[in-house]
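Order of writing sets the chain letters: A, B and C. Residues in each chain are counted from 1.
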Amino acid sequence: MAAPILEVAHLCKYFDAGRAVSGETKKLKAVEDVSFAISPGETMGLVGESGCGKSTLGRTIVRIHDPTAGRILYKGEDITRRKNKHLLPVRRSMQMIFQDPYASLDPRCTVGDILAEPMAIHRLYTKRERASRVQALLETVGLKPDHIRRYPHEFSGGQRQRISIARTLALDPEFIVCDEPISALDVSIQAQIINLLERIQDERGLSYLFIAHDLGMVRHISHKIGVMYLGHMMEYGQTADVYDNPYHPYTKALLSAVPVPDPKTARAKQRIVLKGEVFTPIDPPACCLFANRCPHVMARCRRTEPPVCHVAGRRVACHLYTPDFLALRRNGENPIFTDPPDWRADIPV
Amino acid sequence: MKLLEVRHMTVAFKTQQGVVQAVRGIDFSVERGEILGIVGESGSGKSVAMLSLMGLLADNGRLLSGEIAFDGEDISPPSRVGGQTGLSLRARVCGALAHRRARRVHRERMRTLRGREAAMIFQDPMTYLNPVLRIGTQMTEGLRLHKKCSRREAYETALSLLRQVGITSPEQRMRQYPFELSGGMRQRIIVAIALSCGPKLLIADEPTTALDVTVQAQLLDLIRTMTRESRTSVVMITHDLGIVATMCDRIAIMYAGEIVEEGRTDEIFYAPMHPYTVGLLGSIANTERSVRQALAPIPGTPPDLLHLTGGCAFAPRCAEAMNICLSYRPEPTDRSRTQRCRCWKYCKSAAQEIIIRQQKGFSTS
Amino acid sequence: MDLKTLFLPLDVSQKNDEFIAMESKSFAKDVWQRFCRNRRALFGFVLLSCIVLLAVFGAMASPYTYDGQDTAIRNLPPHAQHWFGTDKFGRDIFTRVLYGVRMSLLIGFVSTAVNFLVGLVYGGVAGYCGGYADMLMMRVCDILYAIPAMLYIILIMLIFGSHVGSILIGICLSGWVGVARIVRAQVLSLKEREYALAAYVLGSSRRRIFFKHLLANSMGALLVTVTLMIPQAIFMEAFLSFIGIGISAPMASLGTLAQDAKTYFQVYPTQILFPIGMICLIIFSLSFISKGLEEAFDPRNRR
């Protein structure tokens, strides 16, 4: 396997969330100890509910935010602490697509200006070359050459998102963070954008970090998937494995809750309905953050943070998959946790 | 008898650029105890249709025509008297006054209808809840107004409703303000408020779009169980085909202000007629699908409602478009007793008549 | 009609599924068109233009000067030779009002221009740098704002004497604080907009983002406030002159004219009506323009 294009190790990002009465600063732990790697030509999906830190993670990787701790390696180079000035070569090959196509294009610039801007920033190409590249970019994303003099507000949401994809492609990047690129779009347009992203990936061998909350689309587009909950990576593994047989109780609940666009399957589907409210990410307790909603909660879940367990090529942050717990389980030879047997009695906690 | 029957509803908005026909002659009906899903993209007129049904249109919008029958009662807005020439000034003034009176009566009727017989929930719970009033006050308000309950009775009813929608320690919640609760809890409270007066019809306008998947599942379950028990009809407006597949008995697909296809859920999903429906189904990815299937999206962008031409609004994006689609509007064709669609593919044999009728200037819409 | 051809597949060239029906317009053009469509705003604009033209050229064309006295024709009511009548020294009030308007507009426009530039730079820097620099710069603003403006304007007038320059200095000394605050707020919110972030991720320097994206986009809100600052300055000058520490005789400003006429108010009411009416007209037209701009810039009116 080729060396990963992006490697993230134990990345943390905290925000200040005001001061408590005692005078201590409160910390909003948006991203907590997240690690993963993306190979060239690969797509990693990142799912989770709103406020789980997936967008913050994406923005920290492209260094809109400065990471609090951990390391980001891009093509083997450590860019965690690099100053903005020295990031310029990295910025050329690492790009980002934003969620809101209505906010990510400057309303005062024409499409031509918007597409030429990246080249102007990096002082690439002559004026004529830029113009012909802009035309080529428009064609790549399926827009017409005469759209070049139009302003963003004249386009529909899907067209705008294609313009912003074209902008990221202007510098021939190798890695793109897609921060919910389809969630603001209509269903029929979402598929257009996904197909476009896939086509570009096939043509140019790009890697994506694909952040979304539409689990169906993530399954469709990504090779690997990370499931986040309150800043933690709960489960990380190959997409098909995770979808077909989720390990973490949260992943199970999440997948079971997705409405399936197929009436017969939908009627047959068993849902795990979660009870309880989500913890606040401001100064969260030092225990499993899913403990208050988890159907399989044990006493130790409420006391200690679960370690990251390596099970069958996957990483799961859950006490159910710690080696000692797996050994304690009756069917110890089968590491895949399918249905909770009567294991509660076994565990001295 | 059907609970709700809407015929030829047309709604237009006045904007700076001109008049936009947001809803262009739709017909639909809701049976008692049925869940109808209205699916469409943004700007397809699905919300506008429901808002005008409830008499909640914005100031620049007008229900131009349409007959609405709710529970056997005609609740269509009074049509404007006009167009008659040769009337004396006196007659015209009297007519205008009568029209104003009729509109006031209609407004009053709609006001009692909303909340008591038909309730509506919106996408954003914060627009529905007043941020400076306690939950308890807001929950009992409708009960006291419509059911003429005493303060004590209303409080008790509200408590039991909160328990029904699965809210823990309801006594405490009644004293809290909306901002102290999570989004899912707020939306559940809104469902409780909406159902508090025992309406016959619940209109849910994208009730779960702002919510997370796990909370969404909870809320959908709640809406389904609570309405099934009381045989309340539900109109579910959404763009999520997953939600309609799980929730609805019947589905209407809207595009550019028209219902292009309607039918039972299974018919729509397993035997779609209209090319747009086919395109929508090809555009979604399924979490349960193990084989990676290529998506077959609809090309192009939705039409600008300001610049619609005479023909089928979907024609510019349709893979099966024919010459006729650009100039003449297709009319509904039935396939079964429950499924029908507006597409020239299915009304070739009636084409001659339709064309002549449209050329004469009166379309059936 | 031939049904057969009607049911043939549509030619690809006729589909045009990426068609945009809307006319293409730049932002400035769009705002201008919407401003012109607003009748009240257009009225304000035309009125102000007339006043400005009259003040600039009318005074030149007038056969009288602002200080030319003629004791033979004291306190005349308006008539054919002296449209607004004459004052107690026999000076032509029409000419004096025009000079007064000139003075008021000069003070209004110059002070606003200075405040605008200073505020733009100061607020822009504070908003863009953020953090401690922002905190420090904003506290300086607070301090300046906390001192009553009247206090140091009077002090300046006493030290430098009563002329236009010292009024301008007085008004500009703290007037820019309001602009700075608005610019800062705008920049702070625009900085988090996705297009600014996108430019940052593309490798734009902070300066480039500031000048190319943030400044242009904050201009709308700014223009609206600035048009409201002009009447403020005009009022301030008129007030100072009215209480007798503004422009000194024989120079005319709308404030001094009103002050002069005040004593004869009950005998010759027309003398005070003309300067006051002029102030009203200027301020009306400016607030109409400001309202019109606000509506034209409002993103909700765009589609």
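FYI, a contact is a pair of C-beta atoms (placed from the backbone, for glycine too) under 8 Å apart; a residue touches a chain by one contact, two chains touch by 3 or more.
The shown structure was predicted, so the numbers you read here are calculated from the model rather than taken from an experiment.
Colleague: Is the number of contacting C-beta pairs greater for A-C or for A-B?
Modeller: By number of C-beta pairs in contact, A-B is the larger.
Colleague: Looking at C-alpha means, what's the farthest chain from chain B?
Modeller: Centre of mass proxy via C-alpha means gives C as farthest from chain B.
Colleague: Just the number, please: Cα centre separation of chain A and chain C in whole Å.
Modeller: Computed value for the inter-centroid distance: 48 Å.
Colleague: Could you grab the centroid distance between chain A and chain B? Build each centroid from C-alpha atoms only and quote it in angstrom.
Modeller: Whole-Å distance between the two chain centres: 34.
Colleague: Two-or-more-chain contact residues of chain C, please, as numbers and ranges.
Modeller: Expected reply: 18, 20, 22, 303.
Colleague: Using the touch definition from the top, which residues of chain A touch two or more other chains?
Modeller: 155, 159
Colleague: Going through chain B residue by residue, note those that touch at least 2 other chains and give them in order.
Modeller: 299, 301
Colleague: Spell out the part of chain C that touches chain B in their complex, as residue ranges.
Modeller: Contact set of chain C toward chain B: 1, 3, 5-10, 14-22, 34, 37, 301, 303.
Colleague: If we count contacts the way the header does, which residues on chain C are in touch with chain A in the complex?
Modeller: The contact residues of chain C facing chain A are 18, 20, 22, 24-27, 193-195, 197-204, 208, 212-213, 216-217, 302-303.
Colleague: With touch defined as at the start, can you tell me which chain B residues reach chain C in the complex?
Modeller: By the definition above, chain B touches chain C via 15-17, 299-301, 304, 306-307, 315-318, 320-326, 328, 344, 348, 351-352, 355.
Colleague: Quick check on the complex: what are the chain A residues that touch chain B?
Modeller: 49-50, 155-159, 186-192, 194-195, 213-217, 219-221, 240, 243-244, 253-267, 269, 271, 273-274, 277-278
Colleague: Of all residues in chain A, which touch chain C in the complex?
Modeller: My answer: residues 59, 62, 64, 87-88, 91-92, 95-96, 98-100, 103-108, 110, 117-118, 121-122, 142-144, 147, 149-151, 153-155, 159, 164, 167, 171.
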